[in-house]
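See below for the structure under consideration.
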Amino acid sequence: MTSDPISVLIWNENVDETRKPEVRAVYPDGIHGALAKAFERDGRFAVKTATMDEEECGLSEDALVGCDVLMWWSHHAHEAVPDTIVERVRRHVLDGMGLIVLHSAFMSKIFKALMGTSCELKWRNAGEKERLWVVAPGHPIVEGLGERIELAQEEMYGEPFDVPPPDELVFVSWFQGGEVFRSGCCYRRGRGRVFYFRPGHGTYPTYWNPQVQTTLRNAALWAARRAARIDGPPTRFGQHAPLEPLG
Amino acid sequence: MTSDPISVLIWNENVDETRKPEVRAVYPDGIHGALAKAFERDGRFAVKTATMDEEECGLSEDALVGCDVLMWWSHHAHEAVPDTIVERVRRHVLDGMGLIVLHSAFMSKIFKALMGTSCELKWRNAGEKERLWVVAPGHPIVEGLGERIELAQEEMYGEPFDVPPPDELVFVSWFQGGEVFRSGCCYRRGRGRVFYFRPGHGTYPTYWNPQVQTTLRNAALWAARRAARIDGPPTRFGQHAPLEPLG
Amino acid sequence: MTSDPISVLIWNENVDETRKPEVRAVYPDGIHGALAKAFERDGRFAVKTATMDEEECGLSEDALVGCDVLMWWSHHAHEAVPDTIVERVRRHVLDGMGLIVLHSAFMSKIFKALMGTSCELKWRNAGEKERLWVVAPGHPIVEGLGERIELAQEEMYGEPFDVPPPDELVFVSWFQGGEVFRSGCCYRRGRGRVFYFRPGHGTYPTYWNPQVQTTLRNAALWAARRAARIDGPPTRFGQHAPLEPLG
Amino acid sequence: MTSDPISVLIWNENVDETRKPEVRAVYPDGIHGALAKAFERDGRFAVKTATMDEEECGLSEDALVGCDVLMWWSHHAHEAVPDTIVERVRRHVLDGMGLIVLHSAFMSKIFKALMGTSCELKWRNAGEKERLWVVAPGHPIVEGLGERIELAQEEMYGEPFDVPPPDELVFVSWFQGGEVFRSGCCYRRGRGRVFYFRPGHGTYPTYWNPQVQTTLRNAALWAARRAARIDGPPTRFGQHAPLEPLG
């Protein structure tokens, strides 16, 4: 509960935006640019962006040490992120950094590594209506949202979603075509927190939606790194424990 | 894993069937009669029924002692069940008896007492299509079902459903009118197991649906009382523990 | 995330302190007085106390409307709190008020009503050593604690503890005499949050322990009422939902 | 719920037994040999063993296709199992095969891959007393055990144990030297089930203990592969879903 702003790093592979005019039309500064806008005018956050074409994919040790929450969007280039960088991100999550995984990043290496499952699902891109219903009213991630988020057009993701049972389930999506999806899934892993948030296909203006932006800010507050840095070194795992005689 | 059949007691308030011709048309032997049919020809079960007009509502101590799973349907007469009988049922659940709570029994005294929350929800009876999607493939309650159950007409229940977060969530419903619902919720309470299963409005032939019947049989197997009776007296709660000196 | 202080109301039956010199020796201003001290000099909180001998047990509608977190200690007089007041507290929890239940209040009416189970356990008061191990490092309730809390003398509580599986388990206690206990249990109920924290027998100076006080402050921050009041009226449960035609 | 016996495959690296006389003294036929004895005279099971020196580590596709539950013990040679074999085992777990992970196999590649976390912990081998307390009475894994398992001498493992919060926690260990540990952890991953069971250091006769053997049999019944094989092909993840027009 420090008054320092929370450091948010928004990571985007930035591929669709450069190749597909219909994505660039919606997100002229890239999806990362639109996501950053959701945080920029809010004094609780200090926001940066990074993309895959930067050195070390923009995910150097220095970048992560100073990061309280990492937000991740990827679609085509999951495999282009080197394993050593994925492992570095995972280590930071287990040490307390928050991670928000967006939409098609359900197939990213980092999400699959943290979940341990295939993370597969059904999908259909038909521009159909999506309603994200709040199933955990009172949860900090849904503060200020009301009972649901409505998106006029989105890609559909359908169950079964092969992830571990979420520690907390906050949204369930309804799709016009007949499917449902667990759209907001919270996980605690190590000292860190992970939030998967479903919507965000590149050809729809989802990340400009005010309720979606509220959700992302709430999620960043919920996931942000906590005491690890101010408590001194974390309790080490894997240490040999001396026998402590009972008094 | 005894070869004795599992004792299933199906309890129904049996009010709609006697008052409403449209319910009697669907369930001429009562909802309990239709539910019993799902178990009768399966040698793994020994099934009985009970209704509210019986002595002690058909829920005497003797009836419950011999019961491995109690299935409960109620709608109009929740308040007519005396508190002493509700407390008796609750004690048996905590001692290991399974409880399957159906449809409108989300407002029964016994379900509210075991959940501790209001159990309220949204509803609309408009004969709309419901799809129950399996979100926990591999769970014993969905064995043999495939990816979903489809019901041509049902009453709608909508989120938020004010229950504790389920220990296991196995179904999520999609409704034609735009809502979703956590339709299959598993709880462990004391030594017992509780399963809430959503569909079953009295004017639709839901309990004649083969997939629904499979679900109910699976749920009975999952919820059935276990070792308590063969292990001798259960570990007592609330006992004074002697100080055991370390060797 | 308002900068208004969090309103903490500390409730104590205040019976042992008036009858037993050995409790008064440890807590001359009552257990509630000692608990209040943990919050008084921290600007994040505005603290009040209430005891059972006050009008409406100090738990009037007005008192609860203005309360973000209610802390509850009781031991002998659980049954003396009227059911209408218990129900009022429960309604406020489901509407978003936090509740922290301490030690022997595992047998309070309010805790049993919210859990739905017997809440029974084993116990032995032999002044033995207790170690509360953190099993969820990174959880906000354990910020600043290190790996464990050590109490030289406490009453023992032993498993099985007949509560629903906690939504989050943050402490497990080790006792010198040979038992273990799930000592820090988090629950979400309705829009509210409940935290059960085990230690605090009246004859031991547990609530003067700095780590225990840190835990209580952390728990109050975690449990505090959230958006309900600033969001306008909460989503109503139990409402009739109109059929919304699809576009 | 077929009457065919459950196929249990017990896998052991079989290194300590060949190198250390003090392990061979306790387990003359290897740890796998002792584990197999717990299943051999029980008609509900068909048991096989495999060790790392066999072709494909004894974990060929054929061996896993026919396996309902795989039990895994390893200590020194975690890294000697090739990644392709680990991935094959993981795929079978996600498809429905049960996995029981024993003691020092918390550091096996397969457990870490399925958990997604570091899985690290504290340890001390001082031959101290361990008590495994049942915290989930009524759970099928503890049927017939009573309130606890007591082991006169074991290696200590201490918290924090860096695993995801278990879907079900059934045992918590008390150690003479002052630590506790979540000793029986249940996970659902894909269509499969994973059980981690703590005790079993090679120099102590833990796997000859009748209560430990009961636990392992119970765990095999709980984890065993279910409908996948009799239901025909499982619901495919990752498929493209056709748009289904609403009636």
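A, B, C and D label the chains in the order they appear, each numbered from 1.
Assume a residue touches a chain if its C-beta (ideal position, glycine included) is under 8 Å from a C-beta of that chain, and two chains touch if they have at least 3 such contacts.
None of the values given here were measured: they were computed from a predicted structure.
Considering every other chain in turn, the ones in contact with both chain A and chain D prove to be B, C. Averaging Cα atoms per chain gives one point for each, and the point farthest from that of chain B is the centre of A. As a whole-number value, the distance joining the C-alpha centres of chain A and chain B reads 37 Å. Chain A and chain C have Cα centroids lying 32 Å from one another. Multi-chain contact residues, meaning those touching two or more other chains, occur in chain B at positions 134, 136-137, 147, 158, 160, 165, 167-168, 178-179, 188, 190, 235, 246. In the complex of the two chains, the chain D residues touching chain A come out as 90, 94, 113-118, 120-124, 126, 128, 156, 158, 160, 162, 164-165, 167, 176-179, 187-190, 235, 237-244, 246.
Considering their complex, residues 1, 44, 96, 129, 134, 136-140, 143-144, 146-147, 152, 167-168, 176, 188, 190-193, 221, 226-228, 230-231, 234-235, 246-247 of chain D touch chain B. Those residues of chain C whose C-beta lies close enough to touch chain D in the complex are 131, 133-137, 147, 158-161, 165, 168-169, 172-175, 178-180, 182, 246.
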